[in-house]
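Quick one: the structure is below, questions incoming.
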Amino acid sequence: MTRRVIVDTDTAGDDTQAILLGALSGAVELELLTIVAGNVEFDYQVENAKYTLELAGVADEVPVYEGARRPLVKEFEHVDHVHGAGGLGGELFPDTGIESAEGYGPDAIVEAVRESPGELTLVCIGPLTNIALALRREPRLGELVEEVVVMGGAVNTLGNDTPSAEFNFWVDPDAAKVVMRELDVTLLDWGLTMRQATLESDELEPIEEAETPYADFFDEITAHLREFSEERFGSDATTQPDSLAMATVIEPDLVEEAPRYHVDVDEREGLTRGYSMVDELGITDGEARTRVVESIDEARFKTIFTDMLLHGDPDRSL
Amino acid sequence: MTRRVIVDTDTAGDDTQAILLGALSGAVELELLTIVAGNVEFDYQVENAKYTLELAGVADEVPVYEGARRPLVKEFEHVDHVHGAGGLGGELFPDTGIESAEGYGPDAIVEAVRESPGELTLVCIGPLTNIALALRREPRLGELVEEVVVMGGAVNTLGNDTPSAEFNFWVDPDAAKVVMRELDVTLLDWGLTMRQATLESDELEPIEEAETPYADFFDEITAHLREFSEERFGSDATTQPDSLAMATVIEPDLVEEAPRYHVDVDEREGLTRGYSMVDELGITDGEARTRVVESIDEARFKTIFTDMLLHGDPDRSL
Amino acid sequence: MTRRVIVDTDTAGDDTQAILLGALSGAVELELLTIVAGNVEFDYQVENAKYTLELAGVADEVPVYEGARRPLVKEFEHVDHVHGAGGLGGELFPDTGIESAEGYGPDAIVEAVRESPGELTLVCIGPLTNIALALRREPRLGELVEEVVVMGGAVNTLGNDTPSAEFNFWVDPDAAKVVMRELDVTLLDWGLTMRQATLESDELEPIEEAETPYADFFDEITAHLREFSEERFGSDATTQPDSLAMATVIEPDLVEEAPRYHVDVDEREGLTRGYSMVDELGITDGEARTRVVESIDEARFKTIFTDMLLHGDPDRSL
Amino acid sequence: MTRRVIVDTDTAGDDTQAILLGALSGAVELELLTIVAGNVEFDYQVENAKYTLELAGVADEVPVYEGARRPLVKEFEHVDHVHGAGGLGGELFPDTGIESAEGYGPDAIVEAVRESPGELTLVCIGPLTNIALALRREPRLGELVEEVVVMGGAVNTLGNDTPSAEFNFWVDPDAAKVVMRELDVTLLDWGLTMRQATLESDELEPIEEAETPYADFFDEITAHLREFSEERFGSDATTQPDSLAMATVIEPDLVEEAPRYHVDVDEREGLTRGYSMVDELGITDGEARTRVVESIDEARFKTIFTDMLLHGDPDRSL
């Protein structure tokens, strides 16, 4: 059975690979993309998304809606230093000529789920502004979707944007708080990525050597990021948080452990902006409604990912 | 020249009088109303607004759009204890049978101002959730409106909801922060109301004695509030913050002093949630963009208000 | 009956006048001074205090103890731009050669009140660090003193350091919070000073013309401050918050209205650091334990103050 | 060479074992103990400390000073539910009849380090109130001590008091912030304890079987805690955070990895009160002054600990 998916993305870096996975897998049908303020300048993100869809040959079928151009409440800064200016490594600045779909991202989400209640899965791989806005427009959003998969937070571990926060939650902590409070979410955090969704140098070699368009695209967009990671994290391994999120939608069996915990987000400015409080021991009296993915089948995920890059077919070994 | 006005309201208490003023004055043309979470239960507010329009005989012409049913981020509680259950004094629970307009409040605002750029004035007499949501949808909102008039905040004075905050700013401090940061606002605060927009017992007598439908309506909705005020503020004077906001749109010359100051809002939970920081001395380096109304022609305002109640014609003495 | 007084001071500007009042009035016996981090560099403050005692001829009798050199928790900056470098107008940098008393300010306070339980009054005219430290050493401090008089806070009015805070509370908001929570305080805030303890140009003329040492000292230390006030507040009137605090100890009948309210302080960094929440309407459930002075006998205060400067005798007209 | 040690402790549970280690090891000479508000009621803690010293036969030589009876600024609650009423498991309420030393804990620390500059090591195994108070009294504290060893914080891992905070930092986050900002600290956090300083059921067996007074004491005080841990953490293993801190003073070579990082503490009330921000990647511009112990020689630590309990001699295998 094909899962119908909406991707909400601040398209740069690994967002593109997640989109490719969704576009190329037979297990998923991309309904639409919504763009949200995040990684790099908004208009670059829109182009990056369109370019990626074009690369996968689905630009005609998957409309791209522009959403919130800034977080709900807080100010923020782009991270061009991570993904390179433009968000695709620093050399690639697509100009596809494809028109954005008419309408506002959060509306598009609301209308789609109203039309197909219980059938759509939201894969959220950027700051959660669009989703929070959709919630204000449609308080019953949670009942109308099949599943909400979020890449975000740093579950009782070091963050990647500040020591206390992961980037998506840091950019719009208010939206993250709203979403975690009001929706049943499957959460894949930065810690999971660090443990199980990084590709080490040796794992990257086959991709570097391959000459498929997807592998070339991957090499291009990761070049800058790998340098940055080398510097910040002391390793040129690549991290694939967004791809992992999409992969668990393609193949739910990837998820091995995912207990439900109470999750809250610190939305205040200061030391802990965007901190994800995950109550693993049930100490607080908050409701344990978030499914926190703690471990996945790492080998299988990497097979899916590599099959996509080397063969254009993430489902190849499924 | 008639000013075209959108009223954003959590209709209860004085919101009704502001709507009546707008509906009955020839200086103002009500384009539409949007309802926002605030004073009392959302659905009551919607009915209260429709009932008020009906009373003024304009229910056919002025569509009522339902907007945000909760604040951007924070939780809040209604203040039934202030306005009586239902928001109209506790005895009156209208059920007009009028349909709400199709569409979402914040969208209605955006579409209206896009259609008539520079021609519409927003009169905001509730929490600012709808306006903040409109800003996320249309970042150029400020350029598209003629003026944004806000009743809110407590300018370096005691608040009415907590000691540090006025109700509208307290309910949705995030929205208030966003609006004060991103729009040029004419602000009428709770302090101004306390100084110049309260009707004392003797001023209320003619209204109590009058038997016009507007005066009767006023008596009904203020009965509970006057008791509450007697208890909390030690006086049964009524306060007309929202009416004053609308009156300054009907007659801009009511405004006597309105310097521009930098205004910020504390959106954090805790002691100062909803606190309005107004930099009267220019100590901070924030931009002085908010026009803070410090004094009005009180006698004239009261004439307008009383003319409306006693003669159904706020313009009578203009 | 003479009241025995401890003055806790960040000696600069009006602190000196308060000390003079205490030293020259027969109604008060200065037991000791403690110096706290505040207005200007700590060592200047110590010298300023000693110089002032010397000027009043009591340097031999009143020991000066050095207290906390920084706030309990927060970082802060001096306000040399207000009081002039050094804190006495910018030209005067005393070097008295007088030794500080052996011991730590907060200890000196604790030991003094333990020796004379119920007999000493604390007049606190600087940030409240020393008092909070004394409280941690002696939890029964409140039972051991006769009265605690604090100059601090901005009661539902504009602050003088930031729009939301008065200087003493801003510098050490944690200490202010602790003191307001744990002691019964008589509070004289910045708003009271603005309303009733400012000397206008015409009131200052006799002082300027007088050639007594006290008047000359006053002229010197206020010269810079008056320029600063002219610039910031648009008036070269002088403000005498600390003198007023001491005057109410000399002559308690100066106080006309002083209801008890619940007072809390925002100790958080940010927009409202040092904000004094004063619950004038009893809305919160906090205990109404702080005696907030709302009005004084202004003429009489000014007589006391002027008598001190012109005749060296604050009690002259009492 | 013997290290001279001051122990600052909220004596309950493992604090007692740390004191025993210090008292029984020839590598350490206990100079004095200071008691600080924390685990259980203050007066119980004082008695617990004296009882422990008596058990080790050093009650005559090691004075116990009473320090701060509450945190610098925040309110807090005891954790009788963790350590049992009284803090020694719930059955044992010592009443030693030993007098506390004259003087205030923070003063005793200041006086001791002033007398022997550079010679004393502070082993801080409670909330850091006393240390922060000592810092306010003696700003040069850091220069006067040999080393400051702190058990506290949860370094990018789940806390034990709330999900975001370890108990000592949670109780007095302001003091923790002050200490981390103003002193060079060797920090042993809760995460290290969880990884390397827990004794599992099988490791506890020999202790349970032994009938030495120390082993009996250990069994008694851990009985309640093990039940509590079983419930909260799903394991009846005991945790020895304080013992580990003291063990690293007895045998510094226990420490295997201890890089220096910038550490800050969130002192705000709310979700992240007491959160320890540890900048492992050097992302912030804070100074990397805290030596964060990341790994120790676990086997050796356990040998020291067991030797103490079974043979009364922690140095037995050194």
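Each chain gets a letter, A, B, C and D, in the order it is written, and its residues are counted from 1.
Basically, a contact is a pair of C-beta atoms (placed from the backbone, for glycine too) under 8 Å apart; a residue touches a chain by one contact, two chains touch by 3 or more.
Bear in mind that the values here come from a model prediction, so they are computed numbers and not experimental data.
Enquirer: Upon optimal superposition of chain A on chain B over Cα atoms, what rotation angle is obtained, reported to the nearest 5 degrees?
Expert: 180
Enquirer: Looking at C-alpha means, what's the farthest chain from chain C?
Expert: A
Enquirer: Could you label the chain B-chain C interface same or different, taking same to mean over half of its residue numbers are used by both chains?
Expert: Same: most residue numbers at the chain B-chain C interface appear in both copies.
Enquirer: Please tell me the distance, in whole Å, between the geometric centres of chain A and chain B computed from their C-alpha atoms.
Expert: Chain A and chain B have C-alpha centres separated by 41 Å.
Enquirer: Would you kindly tell me how far, in whole Å, the mean C-alpha position of chain D lies from that of chain A?
Expert: About 42 Å, centre to centre.
Enquirer: In whole angstrom, what separates the CA-based centres of chain A and chain C?
Expert: From the centre of chain A to the centre of chain C is 57 Å.
Enquirer: What are the residues of chain B that contact at least two other chains?
Expert: Residue numbers touching two or more other chains: 268, 270.
Enquirer: What does chain C use to touch chain B in their complex?
Expert: Residues 156-158, 162-164, 232-233, 264, 266, 268, 270-272, 275, 277-281, 283-284 of chain C touch chain B in their complex.
Enquirer: Using the touch rule from the top, collect the residues of chain B that touch chain A in their complex.
Expert: 68-70, 72-73, 104, 106-107, 129, 132-133, 136-137, 139, 174, 177-178, 267-268
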